[in-house]
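Both of the next two complexes hold chain A, though its partner changes from chain B to chain C.
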Partner chain A sequence: MDKPLLTIEDLHLVFGQGQNAVHAVRGVSFNVGREKVGIVGESGSGKSQTGRAIMRLSPSTVNIVAKKMDFDGIPLLQQTERQMRQIRGNRISMILQDPKFSLNPLMRIGDQVVEAYRVHHKVSRREARARALKMLDAVRIRDCERVFNLYPHEVSGGMGQRVMIAMMLIPEPDMIIADEPTSALDVSVRKQVLSVLDELLRQRGTALIFISHDLNLVAEFCDRVLVMYAGRVVEDIAARDLHKAIHPYTRGLLDSLPKLDQPRDVLSTLQRDPIWRDAPTIFHPREVR
Partner chain B sequence: MIDNEKYVSGWSAWINAPIPDTPLQARIQLLWESLRRFAANGSALFGLAILCILISMATFAPLIVPHDIFDQDLAKQLQAPSSNNLFGTDELGRDIFSRMIFGSRITLYIIALTAIIVGPVGLLVGTVAGYFGGWVDAVLMRIVDIFLAFPSLILALAFVAALGPGIDNAIIAISLASWPPIARLARAETLTIRQSDYINAIRLIGADPLRIILRHVMPMCLPSVVVRLTLNMAAIVLTAAGLGFLGLGAQPPSPEWGSMLASGRQFILTSWWIAAAPGVAILLTSLSFNLLGDGLRDMLDPKHG
Partner chain C sequence: MTAFLSVTELGIGMGQDDQYRRIIDDISFEIGRGESVGLIGESGCGKSTVLRCIAGLNPDYDGEVALEGVQLRPRRRKLELRRMQMVFQDPYASLHPRKMVRDVLMEPLVVQKMDRSEERVSEVLDAVGLGSRFRYRFPHQLSGGQRQRVAIARCLVTEPEMLLLDEPTSALDVSVQAEILNLLMRLRHERNLTYLMVTHDLAVMAHVCSRIAIMHDGRIIEMISDRDIRDGRAQTPYGQDFLNAYRPG
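And now, the complex of A and B:
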């Protein structure tokens, strides 16, 4: 693997202080190169908070500690807020879950895309507008002149999410964090949005961290899968090798999915072992090999 | 005649169409709907009507008034209302009707300038406090608390006493006394807005706080601030008149309603009309702003429907 873009070593996130402290992420380490990495895990496993911590947009009550959290040689935890603003959007971007809430209801769609570009690039209004129209076209919005002047409530969820992708990709970041980008969407629209995202990432060589709870989706869409459980990465495996997963949690997740080629009367339920919570073992098939 | 009827039915069909053909039509229909709701609100319409009269009175004052407002005629002092002097004359023989009409100019001047100062200041302080939170919020809100601890007239009195009497100082004093409630309202709105996903999204893009506050938070606060400001105008009218009455606002011989009221006080038992005319003017103006503010709130806020 070439030099990783993002390196995280021993990341801890603690909410609150003293007796009420909740240790949400407990020693997560991983690397992301110019590839598509999926993070899967159940609710509360810390996957979204890990994403937010990379952007340094965690709530103010969170205490972030890490041995190392470098993005392209920049130690993210040592950056000032002003330096972070230069990184956010410009180098790392994030796509949020529901376009209904993540677009400003009082601003025209086009103006929001234009603004996203002009935050980091000092260009004339006309040039920014031309770029925004091109970007809307790139996310396969037909009739972009018309959509440019619409308000967010006037477009569908799928189109809203494509606008969101346009907004986040227009400053041409090196890495995108997508926090359940398709959870609020219809199954049929999901494929369309993902293929738009995939195509754009491929063209620009942008890295992706795809946060989801849908193991099938992640296995299909990403190159590598990280499985998180209770604030730890329990498995780090190439997506095509997922069937060779070793950790009992991953195995349990896989077994609980219905398969067309192996029909079963009763799907197995996931049995949780308290040892997984406490033992910091990471099953790393590549290293075993 | 037939053409005209056709036009009317065409218009009503167009405005009432269940499915609008164009976005423009949809927008006009929405506007029409809120206008109809506003028009159905009798008291708000009454407030608007009085306000319109007041504004046209102020605009066309020199054309309306029958007498010069500074023209003293001691031979005609303290005369009861008559066809020549509609609201009678004051202790210096000046026509009260004319003075009252010119007084509306001063009142509107005070209201307009105060609103222009108070709105942006309150909005800025409130959104900054709400957006940043923490010690910024604590400091700004304690300042607001200090201002709110005094009744606004008393506070304005203190400022005028420090700055010296006069209409411009009165405006500054009234502004200083009336921005805190606006700031508090804007802060409360901001607290709910800053949690929303689209503010997070714009932060993810790397926008700086100034841009977020100006372009994304303030527009959301605007409707409630406008309503609050309109309701506040009633209080501004009263405070301005109060300062004039106490001799700290507009100075004689300017025809400010409050100072007219003060000069009428000495003769209130013998010549009631001197105090009555400006008094009724103050009452109607402040009432109209209250009614209009209520109507605006019903129109702008669907929750109050």
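And now, the complex of A and C:
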């Protein structure tokens, strides 16, 4: 495999200090190449905080420690805030859960997309506008001239999320972190948004970290899945082998889903085992591509 | 035999003059006692509105809602309200943040003038698997699954015959979802409850309900069985498209 784009070794995140300190992420290590990696886990497992730490967007009360957190050879933890601004959006960008909260309600949609591009590229207004329109078209927004001039409250959730994708892709980043990008959307719209995202990522060779609580969705959409439990990665497995997962936590999650093809009277529930907290990660051998 | 709940030509309109639009239109169905029926459809098709009309939260509907053959007035009477209770989607939003679990559970008892309130609170907390030690907790001291259990306990405390479930597990983690679904199935069995549930998750729907209505643009376009959902089979073209679009994989 080629050199990984992002390397994380032994990442720890501690919220607060002293007695009240919460160790939210405890020794997470993984690599991301030009691929789609899913991170799944329950709420509170540390998956979103890991995503935020990569962008250095953790709250200031968080103590981030890592042996190594390199993005394309750049040690992220040693960057100044000014240097980070050159990376955020430009090299790594982030898609958040709900377009209702992540778009600026007082700015026209087109202007937000234009701004995202002009922050990182010195181009004329007209050229940026042309690019923004092309980008809106690429995320399959019909009639993009009209949508360009709308405000976020005037568009549907699915369209809002496609606008978010357009905003995040227009600076042509090398990696995108998507934190529950489709959880606020209707199921039928979800597929459409994901296919737009997939197509654009494939065209540009952009890497993706997809954070979600939905195992099936991640297994379907990503190449590789990291399963997080209590701040650690417990299993690292190819998405298509997810049904062969061996960690009892991953198995428990899979078994607790009601299934269309297997009617059951009582669903199995997860019996948590304290040793999971500190058990080593189970790696599955991956075939060389 | 009369059905437990029968809904006849239920409709609701919103807006005035040329803005007038039928949000739901000509909805008729029946549910037998102890049966579970589901409503599915795209977001915005009116599923939750149907639930709210039946619960009495949306009094300005037309058409008829009858319980065991007795027609209910749009403004429900207290005793009628007691017989049907609703569980909402988001347990973080549906519990009062400054009321302790005990107060949340006591309130319906006071309103309904029911006796033995302290005992009832303990019993219902046991029934949902929390235990009475939870009675002095505030919602922020509970996890999402525990809150949803409290919300279910709040419904059960008035000893209803029917629960209206509006996406009861979609805000929860899958491991917690399984626990809540098991709880709902057990309670239905123990108390012979009747369920009307809205969810967008076909697997959850097929797990809980035996008959499922597919809604589109405020109308029920067809009624299918859980078997049909599992096999992905519908009669109408829209129903078929819908099942194909919503099936995982």
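A few points about this structure:
Keep this in mind: the second predicted complex is superposed on the first by the 278 of 289 C-alpha atoms of A that agree within 3 Å, B and C clash if a C-alpha of one lies under 4 Å from a C-alpha of the other, contacts with A are read in each partner's own complex, and residues count from 1 in each chain.
Quick note on the criterion: contacts are C-beta pairs under 8 Å (C-beta built on N, C-alpha and C of every residue); 3 or more make two chains touch, one makes a residue touch a chain.
Every value quoted in this text rests on a predicted model; they were computed, and no experiment measured them.
By the touch criterion defined above, A:Val266 lies against chain C but remains apart from chain B after alignment on the C-alpha atoms of chain A.
Within the superposed three-chain model, A:Ser188 lies in touch with chain C and out of touch with chain B [touch as defined at top]. Touch criterion not met for A:Asn20: it reaches neither chain B nor chain C.
In the superposition on chain A, contact of A:Gly89 is made with chain B only, not with chain C. Of the two partner chains placed by the overlay, only chain C lies in contact with A:Leu257; chain B stays clear of it.
No residue of chain A is contacted both by chain B in one complex and by chain C in the other.
Across the complex, chain B is touched by residues 55, 57, 60, 84-90, 93-94, 96-98, 101-107, 115-116, 119-120, 154, 164, 167-168, 171 of chain A. Here chain B touches chain A in the complex through residues 23, 134, 196-198, 200-208, 211, 215-216, 219-220, going by the rule given at the top.
Against chain C, in their complex, chain A makes its touches with residues 42-43, 186-188, 191, 213-217, 220, 252-253, 256-261, 263-270. Contacts from chain C toward chain A in the complex involve residues 42-43, 144, 173-179, 181-182, 185, 200-204, 206-207, 226, 229-230, 232, 242, 245-249.
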